[in-house]
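The structures come next, written out as structure tokens.
Each of the two complexes below includes chain A, the first together with chain B, the second together with chain C.
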Partner chain A sequence: MIRILLRYIILFVLTLLVLAGLSFSLAYLFPGDVLANLTGITAQNEMQRAALAQQFHLDSGYIVQFYHYLKNLLTGNWGYSFISGMPLSEEVRLALPATIELATYAMLLAIVIGIPVGCYAGLRSYTAADYTINSASMIGYSFPVFWLALLFILMFSLEWNIAPLSGRISLLFEVPPKTGFILIDILFADNINRLLAFRDALHHLMLPTLAISVISIASMVRITRRSVIEVKNKPFVAAARTRGLSQGQIFYRHILRNALLPILPLMAIQITTLITNAMIVETLFSWPGIGNWLIQAIYQRDYPALRIGMLAVAFMVVTLTILIDLFNRVIDPSREKYERVAV
Partner chain B sequence: MSQFSLYEEESHPTPLQRTWREFRASHIAFVGLVVLAVFFFFALFAPLVVPYDPIQQNLNSLLIPPSWERNGTIDHLFGTDALGRDVFSRIIYGCRVTFGSSLLLVIIAMGLGVTIGTVAGMLSGVRSSVVNHLLDALMAIPTLLIAIIIVAVVGTGLVNSMWAITLALTPQFIHYTRTFVRSEMKKEYVLASRLDGANAWQLFTHSILPNMIEMLVVQGTLALSIAIIDVSALGFLNLGAQPPLPELGAILADGLDVAYLAPWNVALPGLSIFLMVLAINIVGDGLRSALRKRVSR
Partner chain C sequence: MNSLQFILICFISLVAISACSQPPKEGFYQSGIMYCSESNPANFNPQLDTSSTTSDASSHQIYDRLLDFDADSGRIIPSLASSWKVSDDGLTYTFQLRRNVPFHTTDYFTPSRPMNADDVIFSLNRWRLPQHPFHQVSGGRYPYFESLGLADNIRQIERINGYRVKITLSQRDSSFLANLATDFSVILSFEYAEALLREAAPERLDHYPIGTGPYKFESYRKDHHIRYVTHTEHWKALSQAPRLIYDITPKSSLRLAKLITGECDAIAFPAQTELDIIRDREELELAKKPGLNIGFWAFNTRRPPFDNPDVRRALAYAIDKNTLLEAVYFDSATRARSLLPAASWAYQADAEDTAYNPAVARQLLKKAGIEPGFTMTIWAMPIERAYNPNAAKMAELMQRYLADVGIVVNIVTYDWTTFRKHLREGLHDSVLIGWSADNGDPDNFYRPLLSCGAIPSGTNRAMWCNEKYDALINEALQTEDLAKRKAIYQRVNNLLFDELPLVPIAHAFRYRAYRKELKGMQINPYGGIRFGGVTKKL
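On to the complex of A and B.
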């Protein structure tokens, strides 16, 4: 166990080092001044420039520079945005939770809806109900997320007017960003009607979450269905049936447990898709998340923001993936090396 | 099977024929294949199909609704956009750009992935472990992020976005090839060829590759659907194909300005992306279940 843990920690640290190295090299790869890309401050005169170069050890070799870059990253000194002039650590701290919030709710929806429906389809495999669910999931899986979000906007916001078009919460409510998660922030906020604010925030959440989760639910249904069908035909299920167990007992004790195991590593792959979809949907709903922030940064050529934003998103995704892999390894020791299977 | 059977045919279908039979037995999969073939035809022969030049602007016919609406004309089957360009022609050309570039990049990614994956699969020990772990890290980084970085470094454009998506798709090909080659290397028929004195290259081309092609085709269809969605998403975000080039995502983004006035400018390009992806997914799914049935019988 400790060996596995150690291996995962080494893997994690190495991956992060590679990512940090990548983000460091971006300062050189991006067009423009290296120093400006690294700090986000355009030096006004030679003196300031020399001082900054001194601070970032630009005159030393790349290795020394990278070492100091790492030190700056760890101490939270991430540089400043070209456009807003704000410290990047502050901007990421506000933007990242918004994305995580959106993705989490979408994932929760996918688990809550996708797994039971997938189990049902798997148990009734090759019947009319199964074909219906399977076709529906195939259709949901094929939607380009930006088009789906646009359709939702056209239908729900413009035609029927039942959901707001953009943002996280009505401007009437003043919610100070404490944790960055809007639903939690509302609980901490003073001087507002929490119930109304909560309802308003949920209204704002509805469309973007739905747009992302349609695709996640569809792939979750497909994964679960496949897994259940595979487990259903295993000899131990037949053995359980001959022992006279009821359908419910067989399902809950034997099929469900074994079917859920291979789903977990597949969820790790889903996270990448989920975050990508969340980032695209954010731009459509003006959701103040990291995806919207990054895409604004690329439109305005805000290189320091891109450098840090890339690191932040990659860090988040890699951490989640490795944690899920580790968790999977812990609960399923029979798996020497996890296998990744297609959706 | 009995030795003397008067009624059964003596010819044995090849694995490919058996897969085709299983595939054809599923009507949905066959319809998907036909739809895909139509898109492929559009991609190949777009200049012969379209009635108008896709970038020809016509100020006399702005925002004409599609032909099935009351104000529409049959001259413009899908209507026109805000610059008077024929939407039908643009979509056909869009299929060509989106589908063609996706197909191309999937083939490149497959070639790269199979090469690296085979080398990694035949290696063992520390080197393969390093490759494995680096790949897992690469697989985790979202395509959009890679695309944003590449766009920031070298600028926007269809080719640049294609590189980004190729880079994002390659690791999964490497992964599957690696796993496949590794499991295959342990089998006895490979050992037999080895005892016959086959070198690594001969082993690969004569023993492993023929067995791998089916897996590659299935993975390729999956990757193709992802590639189409990604190409059009980047085009939509204005990070990929640039406006005059008719790319489905870019057409959709163009139509966004007049979405309320002329919803067909948003609905139709999106619908064609959706149909294309759906057809590919159906064909991929049909292929997979056909292979599964063939193996289990």
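On to the complex of A and C.
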């Protein structure tokens, strides 16, 4: 186990080094002044310029520069945004949780809806109900996520006016961004009607969460269904049946547990897809997450923000992927490696 | 109890909780006005910027002026100056100031005294005197006042007593009072400025503003929002919403969508294509007023061959303004013949205008020695303004017209800040841009747009300097007689038609879209949006 852990840690560090190298080279590849791209500060005079160049060791070779770049990254000195002038670490700290929050709720929704429906379809496999669920999930899975989000906006916001279409909460509520997770921040906020704020935030969450989770629900249904069918045809289920156990007992005691075990790692793998989808949907719902933030940075040619944003997103995805792989090993050491999810 | 049932029960109860709890919400939701603005203000001091985004965010919300324009009649009415007197020679203006006008009390400043003559003198001297301690703070450019040459014309500002100020001009200027009533002539707090100097943070004056206006600044997050709270001690004692929030939404379609869902109560610059949608919806109100603005195509007259009036004329003949009007403005604008729109008292209905005639254009170009295949740039401004809602589309149409006369056009655009910076540096061949006047006086069009003095301040996009023109517009300010002034402006129009430093294209109507819940909204034809006295009833 320790060897495996060590292997993962080395893999993790190497990947991050390559990513950091890439983001460092971006400072050179982007148009404009290298120093400005690195720091986000356009030097006002020679003295300031010299001081900044000194801090980033621009006069030394690329390797030394990279070393100091890494040092700055690790100490949280990520530079400043061209556009807002805010420290990038602060901006990412506010934007990233918003994306994670959205993805988490979508995941929860996918589990809460996807697993029961999948079980139902699996148990009734090859009946009319199963075929209906199966084709519905196929349709859901094939929707391009941004198109679905637009459709939701058109229907729920503009036609029926059920849900708001932008932001996380009405700006009338003053919620200081402490953790970056809106529902938690509401609990910390003073001077507001928390219940009202909570309702308002849920209202805002509704459409983006739904839009992202449709695909996840669909794939969850398909994974669960297939797993249940697989387990259902195992000899031990037949044995249980011959022992005269009731349908309920067979399902809860034998099928569900054995079916859920392989679902767990597959589900975890979905998280990265989910985050990518969340980033796309954010831009449509003006959700102040990392995806929206990156798009704005692209529009405004905010090179330092692009450099850090790319690194932050890549870091998150790499970390999650490796953690998930590790997690899969831990819960089921018998398997060498899980294949990518197939639905 | 097993997992499936447990999950189900949790889910159902969650839905039930969120559906059943109905706290009183109307009271809360009508406590604040949400305005979807189009962009980030450069700062919170309109003295420093002519962009309407900046003045919308500060002029009428945070500040008051000595004088104001009546939104209906356009007449100058008292504001912080309760009365004023003009001497017979038109050179001395004496203002009596209103008493007991408190400045904002915020968490960053607590005023110890109400507004008085010192604040007025400070506010004027800041842009007027280059040696003033605050002149160089935040860049030291005061484009509005620079473009009008106002600082040079004020000889002296005197404090007669705590509530009386005397301003002496060196030359008669019949538009002087109007200039003091514009969005840019705001009154800042001298006491606050002094406190900031002591703290060695003078630039905070323009970013953490203190004024006497109906709303106090609370917080600003770039690309997100600006928050204001009501100034309860405002001298007009307006009844208004306790809070005002600017939700910065650059995309016009998103602003409209938010207006429809009620996430915004009012929006900036509804796009021309969207006006019908707004008209069709009962809950929305679309107010229209003839705008004091002009959209035009300016040539950089410092770059050959555009320094040749014949070339400029040829290009003007090559484009069909009527098509541009239909395709870009969708009937929300009138054709411009000269600089002045019909809403101005000096409008000349029979001013000469160029007509679409590609044959003449080709001839003129040939005469001027411009070979077919000549390449030029048209800079299209990147943002929507009433006077040009879609400069990129207009540029594409013009590209086709100019191709007909053998000219190759490259369309250039940058983000707004860079765009204006490069324009000021004169890197363009020609540009599609425009101007919104800040008061009803014709001088507000002629001087900033084409006078020599307006080149460094960056409002003279044609970089055109003509002594005869400057002499004429100065002459027009020497008299209070409107008929005489009008005659002079007609001569100016003739001169402009001969020289054609820019091609006037359109005067757009001004639209403002808001929800019916907002009570007391008024369109101010002379400048920025006003939220003082606006309430919300759901």
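Rule of thumb we're sticking to: the second predicted complex is superposed on the first by the 308 of 343 C-alpha atoms of A that agree within 3 Å, B and C clash if a C-alpha of one lies under 4 Å from a C-alpha of the other, contacts with A are read in each partner's own complex, and residues count from 1 in each chain.
Operating definition for what follows: contacts are C-beta pairs under 8 Å (C-beta built on N, C-alpha and C of every residue); 3 or more make two chains touch, one makes a residue touch a chain.
This one's a predicted model, so the numbers in the text were calculated from it and none came from an experiment.
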### Message
Should chain B and chain C be called a clash or a fit once both complexes are overlaid on chain A?
### Response
fit
### Task
Answer with first, second, both or neither: which of chain B and chain C does A:174 touch in the superposed model?
second
### Message
Tell me the contact category for A:11 with respect to chain B and chain C: first, second, both or neither.
### Response
first
### Message
Applying the document's definition of touch, where does A:144 land relative to chain B and chain C: first, second, both, or neither?
### Response
first
### Task
Go through the superposed model and pick first if A:30 touches only chain B, second if only chain C, both, or neither.
first
### Task
Using the touch definition from the top, say if A:116 reaches chain B (first), chain C (second), both or neither.
second
### Message
So in the superposed three-chain picture, is A:102 touching just chain B, just chain C, both, or none of them (first/second/both/neither)?
### Response
neither
### Dominant toucher of chain A (residue count), chain B or chain C
B
### Message
Once chain A of both complexes is superposed, is A:196 in touch with chain B (first), chain C (second), both, or neither?
### Response
second
### Touched partner set for A:228, first chain B, second chain C, both or neither
neither
### Task
Figure out whether A:158 sits in contact with chain B (first) or chain C (second), or with both, or with neither.
both
### Summary
Least Cα-Cα separation in the three-chain superposition, chain B to chain C, whole Å, stands at 5
#### Entry: Common interface residues of chain A - those touching chain B in one complex and chain C in the other
158, 299, 301
### Message
Could you list, by residue number, the parts of chain A that touch chain B in their complex?
### Response
11, 14-15, 18-19, 26, 29-31, 135, 138-139, 141-147, 150-151, 154, 158, 268-269, 271-273, 275-276, 279-280, 283, 291, 294-295, 298-299, 301, 303, 306, 310, 313-314, 317-318, 321, 325, 339-340, 342-343
### Message
Which stretch or stretches of chain B touch chain A in the complex?
### Response
28, 133-134, 136-137, 139-145, 148-149, 151-153, 172, 175, 179, 218-219, 222, 225, 229, 232-233, 236-239, 249, 252, 256, 259-260, 263, 266-267, 270, 273-274, 277-278, 281-282, 285
## Note on the structure
chain C residues touching chain A in their complex are 2-4, 7-8, 11, 18, 21, 23, 25, 28-29, 31-32, 34, 222-225, 227, 243, 245, 247, 249, 254, 257-258, 260-263, 415
### Query
Of all residues in chain A, which touch chain C in the complex?
83-86, 112, 115-116, 119, 153, 157-158, 161, 164-167, 170-172, 174, 193, 195-196, 199, 202, 252, 256, 286, 288, 296, 299-301
